[in-house]
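Working notes, beginning with the structure itself.
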Amino acid sequence: MTSAALDPLAWLILLPMFWATLAFVLGLGRGAWLAIIGIALQLGLALALAGRLLAGGVPVHPVGGWGAPLGIDLAVDGLAATMLLLTQAVALPLAVYARSYFTGDSSERRFFWPLVGFLLAAMNALFVSADLFNLYVTLELLGLAAVGLVAAGGKVGQTAAALRYLLSTLVGSGAYLLGVAMIYGAYGSVSLSTLAPLVDRQAPAAVHLAAGLMLVGLTVKTALFPFHFWLPPAHGGAPAPVSALLSALVVKASYYLILRLWLGILAPLLAPGAAIAWLAGLLGCGAILWGSFKAIGTPNLKMLVAYSTVAQIGYLFIVFPLLGRTSPGDAALQGSVLHAVAHALAKSAMFTAAGVLVKATGQETIDGLAGVATRLPLTLFAFALAGVTLMGLPPSAGFLAKWLLLGAAIGQGQWLLVAVIVAGGLLAAAYVFRVLRHAFLPAPVAVSSRPVPRMLEWVAFGLAASSVLLGLRGMEILRLLAAGGSS
Amino acid sequence: MKRIAGAAVMLSAGILAMALVVSMFELPPPAVRLPQMVQEKLPQSGVEHPVTAVLLNFRGYDTLLEVAVLLLALLGMLAGERPRPAAPDRAPTDPVLPGLTRFLVPLMGLTAVYLLWAGAHRPGGAFQAAAVLAAAAVLLHLTDLLPAWTSLRLRLRTGLAGGLLVFITVAAWLLGEGRLLQYPVAHAGSLILFIEVALTISLGLILAGLFLFLPDDDERRR
Amino acid sequence: MTVNETLPLAVIASSLLPGLIIFVLPESQVGLRSALNLLGALTKVILVGVLLAGVHAGETYAFRYAVLPGIDIAFKADALALLFVTLSATLWLLTTIYAIGYLEGAPNRSRFFGFFSLCVTATMGIAMAGNLFTFFIFYELLTLSTYPLVVHRGTPAALSGGNVYLAYTLAGGALLLVGMAWLYGLLGQVEFVHGGVVSTLRPENRGQLQIIFLLLIAGVGVKAALVPLHGWLPQAMVAPAPVSALLHAVAVVKAGAFGIVRIVYEVYGVEFAQSLDLLTPLAVVAAITILWGSLRALFQDDLKKRLAFSTVSQASYIVLGVALFGPAGTIGGLTHLAHQGIMKITLFFCAGNFAETLGTHKVSEMNGSGHRMPATTVAFSIAALGMIGAPFTAGAVSKAWLSEGAEAAGMAWAVWVLAASSLLNAAYFLPILYRAWFRPASAAWPHEHILARGWRETAWLLLLPPLITATAVLAAAIFADSAWSPLSWARLIAQREYLNAAP
Amino acid sequence: MTTGMIFAGSGAILFAMGVAGVLLPTHLLRKILAFNIMGSGAFLVLVGLGQRSGEPDPVPQAMVLTGIVVAVAATALALALARRLQRLTGRMELPPEAERD
């Protein structure tokens, strides 16, 4: 056994694929423990990888031993390590949650574990891939796994949502693929490390066009306003553990890729404050306002949480006009990554809490929540804590993210962005407290409360608490983010 | 309103096409020459055909993920379907079609084996072979010689997932030797063939399953 | 970690930990819950006592922890912090006792006491915050932990009151955040230091600094209920009486006023603020608030609403004292921070007693209550007279210093404002006392919950706290010159502030 | 102009047509077909640009083989979902966005 045999980089991809396939062979609805053990091991691997990175290593794994540009390289920097860690850390509690959530022979459960395994494999593969075409394959793997999870309910709404999601994600990856094709035509390689020194500001028009296609395609996949139309029905209509996975992690994967390209090979094409950066920023502002507005208006609890995701995605994009004007340890970038982390924890907490509330009350509407404050205080507390993160209130990690973004926006005199960042927090308060207010109403007399496994409540609470407490450990995240050279 | 939107979409598509075509013609020759590299390393790849070498060795990792994509499509399709009762076996009604099928199917099997074997030195390989196998299964089904699949027994599950499991296992085993999917030069050819055989069976089953698991359109039969 | 680092954390933990444990306690564990509450409150009082002695002897207590590069969470227990900490810790103990009696048999008490403890924790954090960032963290935590207390009853009125409360305080928090982020951008770190840190900036930032000051003061001014940001305070009266007492005397309003003190003295520095022409506008706003609050109080029939508007008015005495440039004004303002707290909490305890015992919520229903509940009414009268500024009460002491400060700062008009306010105070408090003592009681009380048993006019847990605080109102005046009185402590702070700030 | 460029150019046009085709029609089968046209366009560009100098390039060819399999998988899933939708609603189009609010 050589040291490569234990390279966490490769195992982070192989392991989830392995247990996913095995879970499928085991049979319908089986494999929960397999998945939980598998994800726990993955978490260990991600930690080991982060440790290696912090110790000064620059983990690269040339698949097949060929090395770029002939072969495909896997590489990890601080950003990738952060996302890997986040993904496994959120997936583990969600797996525990899902095991208790699905009861009996519900159709959602039959292929849940294999689908989740492939979903995680796809995300891990995406985070570490340093090859544009390989990234395309991981994107498709991710998209199909996510669509499969949404479609698993089999009802009309879920099928339509899945189909809408599938078509959007296919158009997105199609545009990305054409961009990759043009890049290959221009430079003869799809390896990021080979391309990095080749792309410069004098690049031919086709490369600019390719960059545009790739970014637009990925933006559709990230559901940035106005491409968000597919997200609320897909995330709001799926079972709670699926909604949590999709909202917390899957949209972040394509965002991660945008960030990676923007800061990496496409950086020479993008002058600081370029028009496309402002386009992204303004669409982000639009997302914050529109998503919050819809969340404040919807009568359905899970749709509220889904629209909140639309709004929170906006925060991820207002970073682009702020990038590149300050030193490499850019506060704006740190803010957006912290936001992605905080949102992943908070949103998974919120969806899991919403799942408990819907299960317990048997109703999906916010009006049906009356009396919940007394009957399910722990879950409601979890929802509120997650809300604190989304509102960007201290001491949550969401607050640190907002603080960094706000500082960058003020420092550059971008008052429009300052106003939207602040307004977004207040709007988030409006929809979060809308839920809490109904929960504090006295319960109607004839109310039947179904018992809910305690484990579900504790998972929601644990995720929410970690999203808040992470605010005290911002330094560690930023240190990991900065490790392994600039991203 | 709808017509304006339609016109706008068409116009934008036209502009996009124009821009793409025009920009393509201005491209300078690429800086990296991958075909040469492929030719140089071909002897170490274990196969003689450059496309197969790229597909299963140089970029074999893509192929690993791609097999997962296919299995995933089947899972996604099955996930939302309600379990349904097994359809009663139907006797073939038309005498001509089954006869033809009985004649064609063995030939298709043979073609698949040839494609698989040919992949090492000319166009062909596991995916092509699997597609032919799946086509044979579809043909059998359409002529009522093979009933639709209604249940997912352990044997079928193993068959569907086997190719991927073999691929992953080999990848993991090779990881112990060096890198992910780094075939030792001496055994590259046989390992690739082994994977290809497993893939052919599984992919054939998956592709067939994408059709045979679909619920019957009962109207057609009535 | 040294003892001097641990002590501030221990003060915070002494309410945080019981609070968290109480959350998970089953509703039925009344005894354990009360024991935890009292244990936490007593521990806190003892810890604060240790701190007091230490600070008096010149010890420094500080703790810091980095959360982001260049951004620390910092606690320091200096003389100013301790003024607020001591007030909150003692009044929390009394309010806890009162609340245990008040909520006997009510539903959802675990939730109530959990958030009650969190609320005090947040107040402690605000008091001991060593920089603006830390201050903000606990300032927002205070908003969040008081919301469940305001809406505790779950009635439509409570929920809409809660909405108004949130809308004001969260918007205020947002302003504070923008101002703070801006200031951090200019300065790097915004520590609370005697004499301020802003004065190190070059003069061309003058315009920016004025805008930032406006943002910061507007942010904390919401909680301090400065007119026109006071709209939430009367609405929040739907909360149970112990909560009102807490909001007005210990936590929310005080946190706002205390924030203004910190911002003027230790962020901008009183001299630098004066040189930016910021103090006079602040004094004017405070004066308007004092008069407007008193005027509105005159016309409220609801007792708690009348007290609420009185709070609007009285809290701005503190702001006025801060805005008066010079040691006397500072001493007056800071002394009032403590004195107003003791007086106002007495009034709310008593109002709660009237409502709980007799069901009287309105001033017009209070005829003759002095005969039915003499002890409570005596306590109420002492506090009310204190508010007016009658001799031998705490109010007289702080008002005297404030008047002196106004004259010293050359703002004679402020003296007239104080005088007018005292008259108005008399105009809305004396009729209550007259009704209570000299009007005959009507045939039946609106809703008599607790019957008198011998000398006990109401439950002893409800009676004890107001009697103690009423005694304190008198003691603070009579022993004003002793070493440990609020006045002496305010003098110590003023001495350190103006001594160190000297150029 | 080499054959490679002819392929690439027609690929670009097919791609644009495919995009318009996914967006415009409401019938699901047409959308799915349009997606395939779009994908084929991208594949043509990849292969065509790769060998515009005249010599064949095995790398994009292998990539396109991978891409085709991925497209087949996606198409199969899309068709299965569309059929399920038709079975449930009797229509081969997406229901108007479920505005539950």
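Order of writing sets the chain letters: A, B, C and D. Residues in each chain are counted from 1.
Note that contacts are C-beta pairs under 8 Å (C-beta built on N, C-alpha and C of every residue); 3 or more make two chains touch, one makes a residue touch a chain.
What you see is a predicted model, and the numbers here were worked out from it, not measured in a lab.
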Minimum number of chain-to-chain touching steps separating subunit C from subunit D: 2
Chain with minimal offset from the mean of all protein Cα atoms: A
Rounded Å distance between subunit A and subunit B, as computed from the means of their C-alpha atoms: 30
Chain centre separation in whole Å, for subunit D relative to subunit B (CA means): 17
Geometric centre distance via CA averages, subunit C-subunit A, whole Å: 43
Sequence positions of subunit A contacting 2 or more other chains: 133, 137, 140, 144, 147-148, 151, 154, 159, 162, 178, 182, 184-186, 188
Multi-chain contact residues (two or more partners), subunit D: 8, 12, 15, 19, 45, 49, 52, 59, 63, 66, 70, 73-74, 77, 81, 84
Numbers and ranges of subunit C residues touching at least 2 other chains: none
Pairs of chains, among all present, that meet the touch criterion: A-B, A-C, A-D, B-D
Residues on subunit B engaged by subunit A in the complex (per definition of touch): 19-20, 22-24, 26-28, 30-34, 37-38, 41, 57-62, 65-66, 68-69, 71-73, 75-82, 152, 154, 157-158, 160-161, 164-165, 168, 171-172, 175-183
Touching residues on subunit B, where the partner in the complex is subunit D: 6, 9-10, 12-14, 16-17, 20-21, 24-25, 27, 29, 34-35, 38, 50-51, 53-55, 58-59, 62-63, 66, 69-70, 72-74, 76-77, 80-81, 127, 207, 210, 214-215
Of all residues in subunit A, those that touch subunit C in their complex: 329, 373-374, 377, 381, 388, 391, 393-395, 399-400, 402-404, 406-407, 410-411, 418, 422, 425-426, 429, 433, 437, 440-442, 471-475, 478
Subunit C residues touching subunit A - in the complex, by the definition given at the top: 23, 65-69, 71, 73, 107-108, 110-111, 136-137, 140-141, 143-144, 147-148, 151, 154, 159, 162-163, 166, 170-171, 173-174, 177-178, 181-182, 184-185
List of subunit A residues in touch with subunit D within their complex: 133, 136-137, 140, 143-144, 147-148, 151, 154-157, 159-164, 166-167, 170-171, 174-175, 177-178, 180-182, 184-186, 188, 190, 229, 233, 294, 297-300, 303
